[in-house]
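Next come two complexes built around subunit A: one with subunit B, the other with subunit C.
Up next, the complex of A and B:
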């Protein structure tokens, strides 16, 4: 250990003895680590956006339903605990926001057309935190209270139904006895959403109005809870699960939308595989460089050994050389990555493939997301694997027989 | 063997470890490229085929504007005679007429909104995979007066089985109230929840009665043997449409714009990754060849002072690179092919990917297949960049002064 400063200085000087080779290798490491981080940031950004959009449609990080509801989304499988009971349990529980709502499949009919939609009976004041609709940007107005008699639909749906603000539409669903439950509504507002499918599939009405239409008293079909971070929903889940034990089903968002949950998991795997693949491509060059560096100074190594330097010091020196090379290359790569991602923070417009992205559940603007974790992971993996890759040339160098090495004709 | 070739070959093996390491970099990248490209293009083809054969077909004849709005009144008039005439004209039976509407389906216990297709029972199985997925009961027959086929999830949700009655409500072509009572004759299961939950099919004649279609429909689906054949068929179908009816033909790309775009988005990210791999290999080659030139400075000085021109030496360096690259290309293409073939036989499934695969109508286990193109495309590009990388060391020789070079030890 005492020798480390000397060895490090030696290693550093050796690196620059053949500056061309070092620069080429540095460029390769820099490009490789830039690509690792850049690509990771892009895909992370995409998945984050997908999940943000997906959760906004679900929404709510933790959701409570009747156990049958998710497979059989009918008012038959409703939640009968009244809102004030939920309020009593959750108002001081440290939950960021919660809301109960009526969510059922329905058929909407205009004068000319019929479409299938998801009817959301909501309390507009409680849903502000959750909604993917910004109330202010609605053409016309958004719902004003749970008693509101109007309906707010997406602009796309309005086009397909040939309807507009001020016209009437009919919503049809079933009541608990499977009688057709229908009611006319005046369209009071049209919303726009980042995902075109949302505009076609969601219809907002007042919660109390929906309850009257479906003849379910003050029952609801789902209660949703918002935590601080969708990546870490367990604290919220615990809170909710402790307080809801009435035979209801408490689920995390990724258990409900398994596609999004899978995306999130697959992403972590993808980042690691991508980093390792790049490293492997780099490793051939790295080992090559070290082998050459050892080979061309066999006589010097022999001399140092003959003068009494310990083989372990030779080993350490070669490894330090390799680590220095990687560290400098990584540093350049990291700086490059940050420098290229920074200007793209406002989003990359990929609307040429908008409908394709929508098929994957992503929107048409890509916001690269640089996570410290990913950067650290990339750097650590490269350094660690680099260490192992340099063991063999370093070992070989430290095993030279001094006399043979000195007399070797280079 | 030609003396220059022999010289280049021997030069390569002066430092066998270095040559193998550089070749190794190529083999690694090439193996990966062959595998990834085979997998990727195989998946695209599957994605297109599987998606199109559910409902879309290769092209559809529709009323203008129907593609965007799917309004009931945007109809193709007298659709069955039109489909008949197209079938006669092209001698194809992969042509089928359809109507599409939205309605509320009610059983004794439940009501759900669903998409209802009116289909020609004799021809629908030839353009769509759904009729073949009937798990219980049977598919529709021309004679069915009140038959309907529904998805398995829908059957479960509605709590109905074969022979049970459903009431359908919807809006007719003229916006009037449409209703019918039908009987479940078959239940299909595609494994894709969205399809199994949301769709039903009934005979076109019944559909036309129920929705007051007056013999109209919404789409004539046309499929060809292959995508390429479909491309050639499209203008002919367009020309065969009755004059003055104002009908249009859309190809699958227009009907499913998301499909090609999803592929494009995936391709661009894949090509970015391939590009990085290729660049890293190029750096490796550049490094190796530069080293090999530098350490021969002395030797090059001697042969140059004996009269050898720098151009000749440059070509020697390029030849060495070409040989090394060729080794990387051949070994890489072979290992890549072997690696991929292993998966062709055993299939590739990534745990946890089932949902993602289902999103794009892909099976959970994928069998990538190597074709000549996918086996050589990647390695050839790597080869090209290898040669490009060696240009710098080769051209550098022109700056070499024999006398100075000889002094270098």
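Up next, the complex of A and C:
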């Protein structure tokens, strides 16, 4: 520790002895670390958006179903516990929001076309927290109550069905006895969604209206719960599981949408691999810089050893030099990353590749997400790998024999 | 009591296809407070002997003792500690650390020794003044002449009052006036602090200050004379 100030001073001065080389290396480290953080932020933003969209496609954070429902999503596998009972158990339980709904596959028919859709019978007030639809932006109007007799469909579905607000369509599904259950609805609203698929897939009707159509009394097929953070759903899951002990199936969102769950885990690994790959490219320049820096001061290293500096001090000096180089480069890279990500918080329009993004479940606007954890990870990994990369030139420098080093011809 | 004792030192270098005997069964004792000049033509073995005494070079055979410690069997770390605590070096060239100022170069050894900052500053300024470099404390080696650089190196070698100073051609880059001033300084340290000096030189002016002249040829001591110093 006693030697740290003198070693740091020497390392810093030597770093700037060949300032052109140092600036080039600093630029490479800064651009590399900027690329690490920026690309990570873009990818995180994309995955976050995919998950947010996925969750807003109505799973919530935790869901309760009949145990058979996910394999056979029909009203045969319904939840018979009434809403009053759920309200008694969850209204003061610390859950951010909950809603019950009727969700079944159905066929929608206009006078020209038929389409397979997911019929959602909802309570509009309870569903607001979960829905990907902005009620206020609906053309026409959104549903006003569970008793509403209208239907709200997506704009793309309306185009496919060649229908519009004010026209009538027919929804058809099956009742608990596997008999046809159908009913005519007037289109009261058209919604738009960030994911075109949503506009084609979902059809909203009042929950009570759906229950009457499907002849299921006050039963539902799905109860959804919202926690504070989709990355940490276990507290919500525990709370729901404790209060739903009726043989019903309680699942986290990533157990329902395994693709999204896997995507989230893969992303953590991807960030690490991305950081390591960029560092490997940087490490060639770093090692080369250190080797050159050592090579051009062999005699001075010999002098220091002759004056009584220990080989371990020479080793430490070269490593400190490398760490200073990396730290300054990383600091510049971090500032650059924040400065370039911040102005993009309103989103990057990538609609030119919207179809491809949609296939991945992502929307056509990308919102970069800068997480402190990712920045810290990138910095720590680079410093750690930089430490190991600088060991070899530092070790070589510390092994010089003083008399040979001093008399070395430059 | 002897400060330095070398017993039957041999050192052979490989130069191209030939083996060159740099030290050929050299034995010498230098008492504490000695002022010895090693005089030899180029390749005569004086620098090799100086390096062996300073623990910078390990002889092929023989023994090197500094005070009561045998140093030719010490590890690198032990040798570094010994040099740091007991020996001041003045080399012929490449003497200074180019990224440090004159004052920082002088402070360097004290800093490695762990001397407090205030004491380092006080001693380094005083010694720079003593070697005639007052006002040049903040200059880096590239901003000083060869003679000024050599004086900084001498200041660094003696600032922490080592028991033994080894100097290889210390006046090689100095004019006669500065050489005399430097040798006066060495003589004063030798007299008042009993510092032992071993100086490898060709310079007749330096030899005048020595109490003892050891002449070497082809790696062997051929003459060892006491004399009255100037």
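As a convention for this text, the second predicted complex is superposed on the first by the 410 of 410 C-alpha atoms of A that agree within 3 Å, B and C clash if a C-alpha of one lies under 4 Å from a C-alpha of the other, contacts with A are read in each partner's own complex, and residues count from 1 in each chain.
In this text, contacts are C-beta pairs under 8 Å (C-beta built on N, C-alpha and C of every residue); 3 or more make two chains touch, one makes a residue touch a chain.
Just so you know, these numbers come straight off a predicted model, no measurement behind them.
Look at A:310: by the touch rule set out above, it reaches subunit C but stays clear of subunit B. Of the two partner chains placed around the shared chain by superposition, subunit B is the only one that A:162 touches, whereas subunit C remains out of contact. Look at A:111: by the touch rule set out above, it reaches subunit B but stays clear of subunit C.
Judged by the touch definition given at the top, the superposed model places A:84 against neither subunit B nor subunit C. When the two complexes are overlaid on their common chain A, residue A:31 makes contact with subunit B while staying clear of subunit C. Of the two partners subunit B and subunit C, it is B that touches the larger number of subunit A residues. When the two structures are aligned on the shared chain, A:281 is found in touch with subunit B, with no touch to subunit C. Of the two partner chains, neither subunit B nor subunit C is touched by A:232.
On subunit A, the surface touched by subunit B in one complex and the surface touched by subunit C in the other have no residue in common.
Only residues 2-3, 5-6, 9-10, 13-14, 17, 299-300, 303-313, 401-403, 406 of subunit A touch subunit C when the two sit together in their complex. Put simply, subunit B touches subunit A in their complex at residues 15, 17-18, 21-22, 24-25, 28-29, 32, 69-73, 101-104, 106-115, 156-157, 169-171, 175, 198, 257-265, 269, 272-273, 276-277, 279-281, 283-284, 286-288, 290-291, 294-295, 350, 352-356, 359-360. Across the interface of their complex, subunit B is touched by residues 18, 20-21, 24-25, 27-28, 31-32, 35, 39, 42-43, 71-74, 76, 105-107, 109, 111-117, 159-160, 162, 172-174, 178, 180, 258-259, 262-263, 265-266, 274, 277-278, 280-282, 284-285, 287-289, 291-292, 295-296, 350, 352-361 of subunit A.
Those residues of subunit C whose C-beta lies close enough to touch subunit A in the complex are 51, 54, 56-57, 76-77, 80-81, 83-85, 89, 91, 94-100, 104, 108-109, 111-114, 156.
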